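Common to both upcoming complexes is chain A, partnered first by chain B, then by chain C.
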Partner chain A sequence: MAKSPEGSAQEFSALIDPLLTKSYALAYHLTSSREAAEDLVQEAALLAFRNFSSFQRGTNFKAWLFRILVNASHSQHRKNLREPKVTPLEDAEDLYLYNHSLEAGLDRGSSNPAELVLGSMDVEHIIQAIESLPDDYRLVCALYFLEETAYQEIADILEIPVGTVRSRLHRGRKLLQKSLWNIAVDNNIIAALKDESEAVK
Partner chain B sequence: MLLTFYSCRDAIKRLDDFLDRELTETELFRVERHLKLCHSCSKKFKFEQEIVQGIRKKLAQVTLPADLQNKIAFLLETDGENKDII
Partner chain C sequence: MSQLDRYTCEETFNLLNDYVDRELNEDQIIKVREHLAVCEECAGEFAFEAQVILSVRAKISQINCPVTLRDRVLQALLKAQTD
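After this line comes the complex of A and B, so read on.
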């Protein structure tokens, strides 16, 4: 490996290697395509390597790397001149999935309705739901659902105030639940679960 | 102050912060006390917690493509030789 101007290549590898899977998952949320996610992770890794000398030792490398990845996704987005996704998701109510699961009768029997619905969905459905969120909400939700991440760390990565993270996350979660429900309906998952639930009755 | 009792509405308003451990100690105390007494809210909180955990569990299934780590290692090794690679 070539030597980073002021940093050690070994040190860089030791820091980035354990984060590659999460980086790829984040890139997948941001690009919604496995191929584009691979490109984005490679671009972010190279950018991070070239700028490793500006990383302050002892600070949060993951936040630094993810910030580079998010910024690279913005420039890739511009480079591809891709039309921004317009998802006319109006505000969703609180407890969207809970209320709709109950209305659909999915709380009958011993099964847990949350597990029933999510258990019947593929990872691609979840990614599709995150992708359907307006950009600001998508970024915050992608970071939040990637792993248990404190609001402050999300704020550091996106360089926005914690209060903004909190409000975007609160609304984003509601929108995500609505989107998940709609995807489950469109894919006949809810209809199938309702049939099963009726049969158990 | 600690004797103030949260209504269901007060508790639900704090649901996300509760799940994310972002409540103050006083708020946490009040929410927990409410949940002990309110079966309906307790069910809702449990459901929401399972949704968050369920989504994270699903997303954990995204695995690194087999050769991506090698591609990155190669890219970094050859950086300098091929500045225009990206």
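After this line comes the complex of A and C, so read on.
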């Protein structure tokens, strides 16, 4: 293979190194497997390196890298590998987690019920919840929850209009709340919190 | 409705996501803040929704890049450079 004509390996490594953890977390969302996530990050890093000459210096390297990573995950090979572990969601009402938390009597003391429920869940539960979203919503939400990211940056990464990001994010967050609640119920987290709540009363 | 309460609950609710994400313009931010300051119910919903986002992000930030991945990527890049 020819060396990247303009970009040196050193420059590329310095740019990608601080982004490996976020890249891995994003890849984990996209593949739902730690092993497949590592493969995807390596593949994306190589693709980015080979195309480094097309990266415009001074523009957003992270957005460029994440776009390559997302596109790499779209390959048919990985689509076949990804098997949904939960039933896709159809719809969810507004304030799903809020209303269900209050109905379950989890609004005790000074604790925010959201902190109470989500604080009791594992990282794997969160990954599972994002995985349950329909593909379009899953991608937008994965990028959104990775870190505080402006709608415009998500739009740049996914190459979709910012209005589409907004609408997918709004609906995706509602669906995510329903999924989080269902997972918390299935894993007896809500039952345990209700018991604790009863004991306090 | 008080003079300060320039948005209704419904109008505020419709802007809550954009407010949490700092995607509103200055005028909208002021109006939402004014409403949240006088409406306990909306303020409670806002605090809850904002906490959901913070909590999900906090969980996701616990995902660490495996130590071996960094070496693996660097080795692959070195190999690609010399091939």
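Please note the rule applied: the second predicted complex is superposed on the first by the 185 of 201 C-alpha atoms of A that agree within 3 Å, B and C clash if a C-alpha of one lies under 4 Å from a C-alpha of the other, contacts with A are read in each partner's own complex, and residues count from 1 in each chain.
By our rule, a residue touches a chain if its C-beta (ideal position, glycine included) is under 8 Å from a C-beta of that chain, and two chains touch if they have at least 3 such contacts.
No experiment lies behind these values; they were computed from the predicted model shown.
Steric overlap between chain B and chain C is present once the structures are superposed on chain A. When the two structures are aligned on the shared chain, A:14 is found in touch with neither chain B nor chain C. Look at A:191: by the touch rule set out above, it reaches neither chain B nor chain C. Shared-chain residue A:45: touches chain B and chain C both. When the two complexes are overlaid on their common chain A, residue A:121 makes contact with chain B and with chain C alike.
Legend: residue contacts after superposition of the two complexes on their common chain; A:166 is shown touching both chain B and chain C. Chain A residues in contact with chain B (one complex) as well as with chain C (other complex) are 1, 9, 12-13, 16-17, 20-21, 24-25, 28, 34, 38, 41-42, 45-46, 49-50, 94-95, 97-98, 101, 112-115, 118-119, 121-123, 126, 145-148, 150-151, 166, 169-170, 173, 176-177. Residue ranges on chain C touching chain A, taken from their complex, read 13, 17-18, 21, 23, 45, 47-49, 51-53, 55-57, 59-66, 68-70, 72-74, 76-78, 80-81, 83. Those residues of chain B lying in contact with chain A across their complex are 12, 15-17, 20, 22, 44, 47-48, 50-52, 54-59, 61-65, 68-69, 71-73, 75-81, 85-86. Within the complex formed with chain C, the chain A residues making contact are 1, 3-4, 9, 12-13, 16-17, 20-21, 23-25, 28, 34, 38, 41-42, 45-46, 49-50, 94-95, 97-98, 101, 112-115, 118-119, 121-123, 126, 145-148, 150-151, 166, 169-170, 173, 176-177, 180. For chain A in complex with chain B, the touching residues are 1-2, 9, 12-13, 16-17, 20-21, 24-25, 28, 34, 38, 41-43, 45-46, 49-50, 94-95, 97-98, 101, 112-115, 118-119, 121-123, 126-127, 145-148, 150-151, 166, 169-170, 173, 176-177.
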